[in-house]
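The structure is given below, and queries will be raised subsequently.
Letters A, B, C and D name the chains as they come in the text, with residue numbers starting at 1 for each one.
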Amino acid sequence: MTAPVLEIAGVSKRFGTNLANDDISMTLAKGEVVALLGENGAGKTTLMSILFGHYVPDEGRILIDGVELPPGKPRAAIRAGVGMVHQHFSLAPNLTVLENVMTGTEKLLSWRSETSAARNRLLDISERFGLKVDPDARLGDLSVGEQQRVEILKALYNDARILILDEPTAVLTNIEAERLFTTLKEMASQGLSLIFISHKLDEVMAAADRIVVLRGGKMVAERKAEDTNKAELAELMVGHRVTRPVREPSKPGAVVLEAADITVRIGGVDRLKSVSFRLREGEILGIIGVSGNGQAALAHLLSGTLSRNAGDLRLFGEPIGNLGVADVVSAGIGRIPEDRNTEGAIGEMAIWENAVLERITSFSRGGFVNRKAGMAFAREIIDQFDVRGGNPASRTRLLSGGNMQKLILGRNLHERPRILIAAQPARGLDEGAVAAVHSRLLEARRQGTAVLLISEDLDEVIALADRIQAIVGGRLSPPVEADDADARMLGLMMAGEWQANSEAGHAI
Amino acid sequence: MRFERRDHRPLYLLVLTPVLAVIAALALSGILIAIAGAPVLEAYWRILTSAFGSRLSATETLTRATPLMLTGLAAAVAFRARLWNIGAEGQFYLGAIAVAAAGSQLLAGLPAPVVIPLLLVIGAIAGMALILIPLWLRLRFSVDEVVTSLLLNFIALLFVSMLIDGVLKDPMAFGWPQSQPVSDAATLPKLIARSRLHIGFAIAIGLAILVHLIQSRTVFGMQSRAAGLNPEGAVFAGVPLGRTLVKVACLSGGLAGLAGAIEVMGVKGYVTTDLSPGFGYAGIVVAMLANLNPLGVVLAALFTATMFVGADGMSRSLGIPTYIADVTVALSLLTMLIALFFTQYRIRR
Amino acid sequence: MMQLFDIVASAGLWAAVLRIATPLIFGTLGALLCERAGVLNLGIEGIMTFGAMIGWLSVYHGADLWTGLLIAAIAGGVFGLLHSALTVTLGLSQHVAGLGVTLFASSFSYYVFRLIVPVANTPPTIVPFQPIAIPGLSDLPFIGQALFTQTAPTYLAIVIALLMAYIIFRTPVGLAIRMTGENPHAAEAQGVNPMKVRYGAVIAGSALMGMGGAYLTLSAFNSFFPTMMQGRGWICIALVVFASWRPGRALFGALLFAFFDAFQLRLQTVLSGVVPYQIFLMTPYILSIVALAIMARRARVPQALMQPYRRGER
Amino acid sequence: AAPMKVAGIHASPVENAWNSCLHKALQDAAKEGVIEYVFSEGVSGTDYPRAMREYAEQGNKLIIGEAYAVEKEARQVAADYPDTAFVLGSSGEQAGSNFGVFGTWNHDGAYLAGMLAGKMTKSNVVGSVGAIPIPEVNMLINAFAAGVKAVNPDAKHLVSFIGTFFDPPKAREAGLAQIDAGADILFGERIGTADAAKERNIKAVGSLIDYTPRYPDTVFANALWGFRPILNAAIADVAAGKPVGNNYTAFGLMKEGGSDIVYVKGTAPADAEAAMEAKRAEIKAGTFEVPKMMEEPK
């Protein structure tokens, strides 16, 4: 075997009392694709940040082609050929693509930016790797997928030979993700070495040559892709066997929520166009679709933060007007927002406050908050939903994504809602956390809750939903029974193919 | 060298760091005092006695702390909700002029128990009215309120200057631009006779406690905090964002207006354009020193007033330039800010 | 109406506009540079005061005018260093640190001035910058007298405005500054040290503020007075927003503001006593707010403005 | 006898012309060994009463300053410290036995300077730049204008206020604006005005103190005001144990020798100087009184 391009030797890093990386060593060969796998908080991002010079390790060394990198110097890492695509994009929305890419690439104290040369070079690279972008577009105007491309181009522009991608597909649609991995494979064949982090085992199995698993800051396993399988990886990650729960047959009850010809217009654009659906007690209705097709508007409408421009909504059989958040909550509708960090929780507030904020009227009297009751409520959620990493009084920001999601689930399911609007409930979670969220949703269904599951993850929807509708360009397809559906058919629906066939009844 | 956020704040640190800050500030201003040729140790002693050494100095310190508490609360309330109200100075003046207008003309002749509460409310309302302008601009046009509220300070001051030079001018002031005085009934009773300390001081402390209760115990307090920390999250949780901000703004502007009202009714009796030596701006610093905690504001205001009154008196008794007082206050604020930082962070490597 | 027209058509008005605008141009550019890198510098009022004091004091003690201006710039830079230490290294709240710097810098200026300069019946004077008639241009009718008979710092201010526009939009360091103001994490990820960029921008910006203050004592007037800054620094903070963080527009904004001021001074000579003088003085502030309301939607605030950047913290 | 302990409290920095009159007189007295002088400057309205009390408690016998912004409280303080004498610049009346007041009445000089200016102007436009229209500023500007009108009824008189006591660059701009509007002689109630005149090579009149040394070829006349006579009278009263609850303004009048005009001879036409000197003599003799007009000049 040839000498590794990258060697991580005995790296440890401590945050306060928390040992985030514990004596980790690994290597990467030229042209190799390594997947880094682990639960939320296992230390993956930390390790990669050390490699890139964001963090200074407490112990250990990073060697590129056998030469040690000075710790804590991103510039040195870039020079040595390391490129990093961050878990949370590091881009400036107000600058152009070219400006985002060019930052820091020239000698700082020169009298001129060689803009046109840089534009040509960027176009060359984007041509070569099939990553198409408009260099002069304002970054904030691009879709998430395009922004991801810019992130990769940034690294390639710096002549990266080692590319690190931290959860690159967390915000991409399946199609975009597939396209990305094709590109990455292509890059590897051109001699680039890659490390990517992902929670999606399918991706890992499909794209990686080798898989490294972290747990609790330690490296617990290393496998060649051909020598392992999804089940083993899941078990290695979590430390015990994980199985995703399966849906049992159920008898849906009465229709609790019915939408007819609903239209929602935001800023002059129709985000929802005559959308109709029916949601029954004890069933999960899955709404699939590529993000940006109206899911957010649908979720916000039903969550009480958006009002409709046209159409009828019937709740428990009664026609209703526009709903505010308070109405929605008091009507017994639970809501799991798409983005737990911005909408789902207020990071700087205590866990108990986040638990009660949306139903504050039931935890207050005469305008005064009943702190004791709130704390008790939070403690119950923490116990029942296995929220780890904090007590009711600690700041919510300190919870990991999975645990924050459990908190959000808990505050909604605790009161056994009649309807639950769940938008991307398992996004970015590790295998164990995904299983936990899924089983909670199924349990709610068993207890008679009507669940509207909005998701981009086909596997998730097929596994959980009783019926499935696709959302495309603000329109909703007719429902199909999940048992009749397969990935190919759903793929067609997500591409908007139902319209052609819908006249022929439910021919598919 | 890096800074790392502390998980726990040990008690000794919370006590020790402010003390170190004061020592550092005094050491630095000691250098300046020495340069002026005055005995440094004696200067320190004079600072102490000038702030608390006699009945006069102690009551003066508390009197000067009173408006700082109120403007400090105004800033703390607004900043908690991320409403960057830099306009307390202008709100202070509007509160003051409203009280002067009402207290000298409209309500003259009413007995004290009626007129005093009424005037306090009027002062608060005037402060609210002014802050609603930047708030409206923010909600309607998304104009950053830092700048608009700052600019409104100058407009408010000129407006007051115009009034006290015109319709509200005191004809007994021989043409000097000053407002008519508020009636005797409208003068706040003294807390201590033969001093300037008035019940406004007690009102300020009472309001600090009230604001503390509002912020820590009420639904509105929780919602305004949520709105400040994460507006999107707050909206999702059903917090009426606009309405909450309006309420926060009214509370903040009201407190600043009240500060002006109380300064007029308690101390000066009428309005001139030099009523406030920057109380509105100082309130911002007081609020930050207090970490936006309403009860902390009381302490921070007392601290600031102590430093000022102490150093001011010291300069007089030692015959060094009066400006040393502001220098000492500024140094204490800066060192105190740094000290507060180190109660939250530790140095690593 | 005729009188108003005469005022606007007088070369004297436009010459005054440039003079009144000069300290504002320096200050606004300084504040703009800081904010482009993500740091609000409310220390400006104090830094300008100190610049005015130290620049004047240096010349009073024998330095030549340009050295005085340079010393004011350096002193401004030193206060910029203080502000950076507080807001960049420690990441303290930028409002408050700025107000603290202003309080310190201005009271310190007065204290030093009082210690060093003996109190005299009238404040001691220096020989300030003299107007330079630019040969050829200054002989042009109207424009010549209006624009080309200023003192050297005024020309310098305009050159700096154009230079800054070039640097911010056309050079690598300008891009690094903009990126730091938009997203310091992204800057760091590209190997640009946001801390250093912020330090540099705040120090350089504060140096400009110091020069703006010095203009008042080295050109607009020939003595230093405590309290002479009169809120000019705060105006600059407003002008930065008015200018949507663009140097060219900052130049325009400063000139516009100065126009209001020069205009009201002249309007008083024809309308004296009819309208309270406070109304005239208010106009520039009111119009600034109106302009903000009109422009705000289009303004692109640096996204990381007022957000501290701490390495290794999320 | 040991020098009397006297304290000065200045709301403005002592560079401010008015305060500098007080400050200079006090410093001179201290140099002569008559008094022992301590002072505070830049004292805001809120802090002013405290400064008075502190100086009183420190055993100062006489406290000199300005009550304008604190008229009510200052009297309160005086009442609380009956053993200390307070003599303050004020628009109000004296109070009790220990609270004396004085005004700044140098309008006689301003009137006389106006008489010179009225004969000197070629454009027939003169201008005055003031701080804010308070009575004593108004009186001064009105007297100047009256002097101009007395000798040249057709002359036009421009007035600007800069809205603050302390912004010399702004006063200069206001002066330039008046020159642009045609004025060729400026009356500078505020420092900074003469700078405009100097820049445009016209003449200016100063107020309170003698500006001619500072602007040799520009300021040709000054309406002086001397505080020393007032101070001497107050010191004498205190030393003699007499109550100081008097109005000391008169000691600052021209006919009492407190104020005067100084001018550069030969700048104005000889007949103008002669006419002015005649008026000056009348004022000193008490046969002519310059009108006291306190309303805002138009």
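Observations on the model:
One rule holds in what follows: contacts are C-beta pairs under 8 Å (C-beta built on N, C-alpha and C of every residue); 3 or more make two chains touch, one makes a residue touch a chain.
Model, not experiment: these values are computed from the prediction.
Listed here as common contacts of chain C and chain D: B. Farthest chain from chain B (centres taken as the mean of C-alpha atoms): A.
As a whole-number value, the distance joining the C-alpha centres of chain B and chain D reads 36 Å. Centre-to-centre spacing of chain A and chain B amounts to 46 Å, using the average Cα coordinate of each chain.
Spacing of chain A relative to chain D, judged by their CA centroids, is 76 angstrom. Between chain A and chain C, the centres computed from C-alpha atoms are 46 Å apart. Among the residues of chain B, those in touch with two or more other chains are 2, 158, 161, 165, 321, 323. Contact of a single residue of chain A with at least two other chains is seen at positions 56.
Those residues of chain C in touch with two or more other chains are numbered 110, 114, 226, 278, 281, 311-312. By the definition of touch given earlier, these chain pairs are in contact: A-B, A-C, B-C, B-D, C-D. If you check the complex, the residues on chain B that touch chain A are 2, 4, 7, 217-223, 225-226, 229-230, 232-239, 349.
Of all residues in chain A, those touching chain B in their complex are 15-17, 56, 303-305, 324-326, 329, 335, 337, 342-349, 353, 357-358, 360-361, 364, 367-369, 371. The part of chain B that touches chain C in the complex is made up of residues 2-3, 5, 32, 35-36, 84, 86, 137, 141-144, 146-148, 150-152, 154-155, 158-159, 161-162, 165-166, 281, 284-285, 288, 321, 323-327, 329-331, 333-334, 337-338, 341. Across the complex, chain B is touched by residues 11, 38, 40-47, 49-51, 53-55, 57-58, 68-73, 80, 91-92, 132-135, 138, 163, 294-295 of chain D. By the touch rule above, chain D contacts chain C in their complex via residues 12-17, 20, 23-24, 27, 41-42, 127, 132-133, 158-161, 163-164, 166-170, 172-174, 176-181, 191-192, 195, 209, 211, 214, 296-298.
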